[in-house]
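Next up: the structures, one after another.
Heads up, the next two complexes both have chain A, just with different partners, chain B and then chain C.
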Partner chain A sequence: MFESFKYNDYYVVKIKGREATLKNAEKFKEYVTSIIKEGDHFLVISFEGVKYIDSTFMGALVSLLKYALFVKGDIAVANLNKDIYNLFCLVRMEKVIMIYDKLPDSFTGSFGRYSE
Partner chain B sequence: MPHTSKILLVDDDRLILKVIAGALSRKGFECYKADSVAEALKILKQAVPDMILSDYSMPKMDGFEFRKLVLMDKRWKNIPFVFFTSFGGQELMQQGLNMQAIDYIDKNTPMHLVVSKVSNILNTIRKQHEQSISELGATARALNLRTVPSEAPHIKGFKLDFLYETFEAYPGGDFIDFIDTDNGHTFIILGDVMGKKWGAWFFSFNYLSYIRSAIRLCVLEGDFSTASIVNKINRVIYKDQVLNNVLSTLSLLVIDHETGEIHYTGAGDVPLILYRSAENECSQIKSSGVLLGVASDGQFSEEVIRMEPDDQLIVVTDGMIDFYGEYGTRTSYPLFVKTITPLLGKHNTFELIKAETFSEVKMTEVVDDRSLLFIQKLH
Partner chain C sequence: MINCPIHSLVVLDDIVNKNIKVGQKIKHYTFDNRTEGIYPLLNKIIPEIEQHTRVYGRNDRTLSLCKHLLIELLTNGVKHSDADTSLIVILLDEKEIEVSKYDDGKPFVLKDYPGWPLNSIHKGKKLLIHKDDFFALYARIESENMISFEFEEYPIGTLNVTTNLAEHYGLLIITKASNSFSYRYSNGGMINHFKAVIALGE
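And then the complex of A and B:
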C-alpha cells in the first residue's frame, strides 16, 4: 500500500495504487506516524500514479503535517497529477503544505506558514 | 461509485479457484484468488473483501486456522466468512459454524447455485446493514441531531434553496444551516468535515454547534463580519483538543435583506459560481482562507457580492466536483462548472440543476455526500 525510503536529507513515502481515499487513509496515518516517531521528521509524500484523492485522505495528510510541525519537522507532497494539483490549489492547500513537481534534491524546510 | 462486491476465494486447488472465480466474475463480482492461507493473508493486507469463501482442507495451514487468524484481526473479523468444502461431515460443518462462519457451501453444489447462494448471503447482509443505518438515522432524528435543515428560510427579495444527498445512505460530513437574525440578516452555513460516513457526521454536528454559537455570540456583540466570525471559530477549533485534528471546510455567507449584499468568507472551500444576469456571464469567487483548524491564522478574506436582479450564486461542497466514470474516480471543478454553466440564468435554474446533477443516472457517479446552495436575487 505504501513504501518508504531515505532520499538525501528527507524520507520519501510513496502511495502505491491509483486512489488515496478513506480506504487507505487510516493506514497511511499509522504508517507515516511510525516513521516520524522513529525520528525522521522531514518527509515528502509522493503521489506518483495516484489519480484521485478524497477529503478523508487529505484530512489525514493535513493532520500528519500538523504532527510533523509539532515535532519541528515538515511534510511536503510531490508528483501530483493535474486533477490533484488543481484540487490542492482550489482549496488553498498550497498555503498549508509545500508542493514539489517531483522529488526535490533536498528538503528546503518549512515556509514558516504558521503564525502562532 | 457503483459498488462491486469483492470476494476472496481461498482453495489450494487452482482449478476450483478458476472455475468459481469465473462463475462469480460473470455475475459482476470481483474475485481475489489465493491458493494458500499465506497468499490469502497477503491479499487481506492489501484489500478488504466483502466476503471470504474458503476451503477447509488445505496443506500447511487449513481453513480453520485461517478462520482463527481472521477472527483475531480487528480489520478482518467482521468480514462474512463462508466455508467451501467437499467434506460434508456434520462435525466439520459444526466446527466451522462454531467459529462464527456464517454458512458453508458444498463443493458438489452446481455452480449457478453457488453463485445464487453467495448473492443471497451478501444481499441479506446488505439489507441488515441498511436497516441498522436506518435505525441509527431515525434515532439521530429523534434526538434532533440534524446537520441539514428540512427547508431553507424565505427571504424577501431572494430565492434561497439547497440540495443535499447522502452517500450510500450514510449521513456524511456535509452540514448546512441558516440563521436569521432579528435585524434583517440571514447567515448561510455550508461546510464539509473531512472524512466519510458516521465519523464525519458526528464531527459535523460538533462543528455546526460551534459555528451556530459563534454566529449568535458575534451578532449579539454587533459583529456581522463573516471574516471576523470565521476567524474566531477557527481560533477556537485550532485550540480544541477534540476537533483540532478534524478538519473542515466552511463557506459562510450573510445576506443583508435591506441592501441585497452578500458577504462571504471561505475556509478551504470550493470557489463559488456567480452568474451575472446583465452580462449573461459566469465568474468564480475565490476566498483565501485555509481549512478550519489547520492554522491559528487561517488568512480569511471577506468578499462582498452585490446581487442584482436575476443574479445567481451557487455554493457547493467538494462532493459535487468528484465524479466516477469510465476511467475511475476523479476530481474536476472545471467539469462541474461546465455542467452547471448552461443551466444558469434560466427562470427555473434550481430545478434544472437538480435534474442534471441529482438525477438517478448521476447518482451512480457519486463518491461522497454532496451539497449545493442556490441563491437568486429576485426583481
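And then the complex of A and C:
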C-alpha cells in the first residue's frame, strides 16, 4: 500500500496504487505516524501514479502535518497530478502544505516555517 | 426500467414529471454506498460529463471540479447515509451541470439544532458546521426542509503547532467546487437530497 525510503535530508513515503481515499487513509496515518515516531520528522509524500484523492485522505494528511509540526518536523507533497493539484488549490491546501513538482534535492522547509 | 430500489423510481418519476427543463439531458446511476463502488461509478459518470462539456467547449477545470464534487458526494454516502443505495442523478444542459444524490438513510445532522423539519421562523439563519483558523462552513436555513451551504475564508498566515486546522473537508470541497450546494429533507418520503450545481461558461 505504501513504501518509504530515506532520500537526502528527508524521508519519502510513496503511495502505491491509484487511490488516496477513505480506503487507505487510516493505514496511511498509521504508517506515517510510525515513521515520525521512529525519529524521521521531515517527510515528502509522493503521489506519483495516484489518480484520485478524497477529503478523508486529505484530512489524514492534515492530521499528520499537525503531528509533524508538533515534533518540530514538516510534511510536503510531490508528484501531484493536475486533478489532485486542483483540489489542493480549491481548499487552499497549497498555502498550508509545501507542494513540489517532483522529489526535491533537499527539504527546504515549507513557507519559511523554520526561518526564525 | 432501471434496476434500483423503489425510492429511486419515485424520485426519478418526480424529477421527470416536475423538474426537468426543455433541452436538459438526464443521466441516472445507482450507487451501492460501498467504498469499492466509488471509482467504478466515477469512471462511468465522468466520460458522460466530459462528452457534454466538450460539446459546449468548456475547460478541464470544470471537469476536475465535477470529479471532486462527485467523489465527495459518493464518499458522503458511504460514510454517513446509512442507506443501502443512493441514486445519483445528473442533469446536463448548455448552461449548467446539476449533480444530485438521493437516499432514504439518515437525515443530515445539524449541530446544536433539534432536527427536521427546521423551524421556519429561523429562515435565513446561518448555522455553523465547522470552523478553523482558515475557513468556516455554514448551513443557511432556506425553508423548513432545506439548507444551503456557504463558506467564509480567512487569511492564511504562518502555520505553527497552535494553528487550528480542521480535518474535515468533504462539504467544503463540494461547496467550493459548485456554484450552489443544498440539502433537502423530504419528511413525508424520508428522502435526503443533496444537490450541487456547476455553471458552465465561467
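Throughout what follows, the second predicted complex is superposed on the first by the 110 of 116 C-alpha atoms of A that agree within 3 Å, B and C clash if a C-alpha of one lies under 4 Å from a C-alpha of the other, contacts with A are read in each partner's own complex, and residues count from 1 in each chain.
Simple rule for what comes next: contacts are C-beta pairs under 8 Å (C-beta built on N, C-alpha and C of every residue); 3 or more make two chains touch, one makes a residue touch a chain.
All values reported here derive from a predicted model rather than from experimental measurement.
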Checklist entry - Between chain B (first) and chain C (second), which, if any, makes contact with A:I99: first, second, both or neither? => result neither
Checklist entry - Between chain B (first) and chain C (second), which does A:V62 come into contact with in this model arrangement: first, second, both, or neither? => result both
Next on the checklist: For A:F70 in the superposed arrangement: first (chain B), second (chain C), both or neither?
Outcome noted: second
Checklist entry - For A:I35, is the partner it touches chain B (first), chain C (second), both, or none of the two (neither)? => result neither
Next on the checklist: Quick check on the superposed pair: does A:Y52 touch chain B, chain C, both, or neither? Answer first, second, both or neither.
Outcome noted: both
Item to check | Contacts of A:M1 with chain B and chain C, given as first, second, both or neither | outcome: first
Checklist entry - On chain A, what residues does chain B touch that chain C touches as well? => result 18-19, 21-23, 52, 54-56, 58-59, 62-63, 66, 83, 86-87, 90-92, 95-96, 113
Item to check | List of chain B residues in touch with chain A within their complex | outcome: 45-46, 48, 173, 192, 194-197, 200, 244-247, 249, 268-271, 288-291, 294-297, 299, 318, 322, 327-334, 367-368
Checklist entry - Tell me, which parts of chain A touch chain B in their complex? => result 1, 18-19, 21-23, 51-56, 58-59, 62-63, 66, 83-84, 86-87, 90-93, 95-96, 113-116
Next on the checklist: Which residues of chain C touch chain A once you look at their complex with the stated criterion?
Outcome noted: 35-36, 38-39, 42, 60-61, 64-65, 67-68, 71-72, 75, 78-79, 134-135, 153, 156, 158-161, 165-170, 172-173, 176-177
Checklist entry - Which of the residues in chain A end up touching chain C in this complex? => result 18-19, 21-23, 52, 54-56, 58-60, 62-63, 65-66, 69-70, 82-83, 86-87, 90-92, 95-96, 110-113
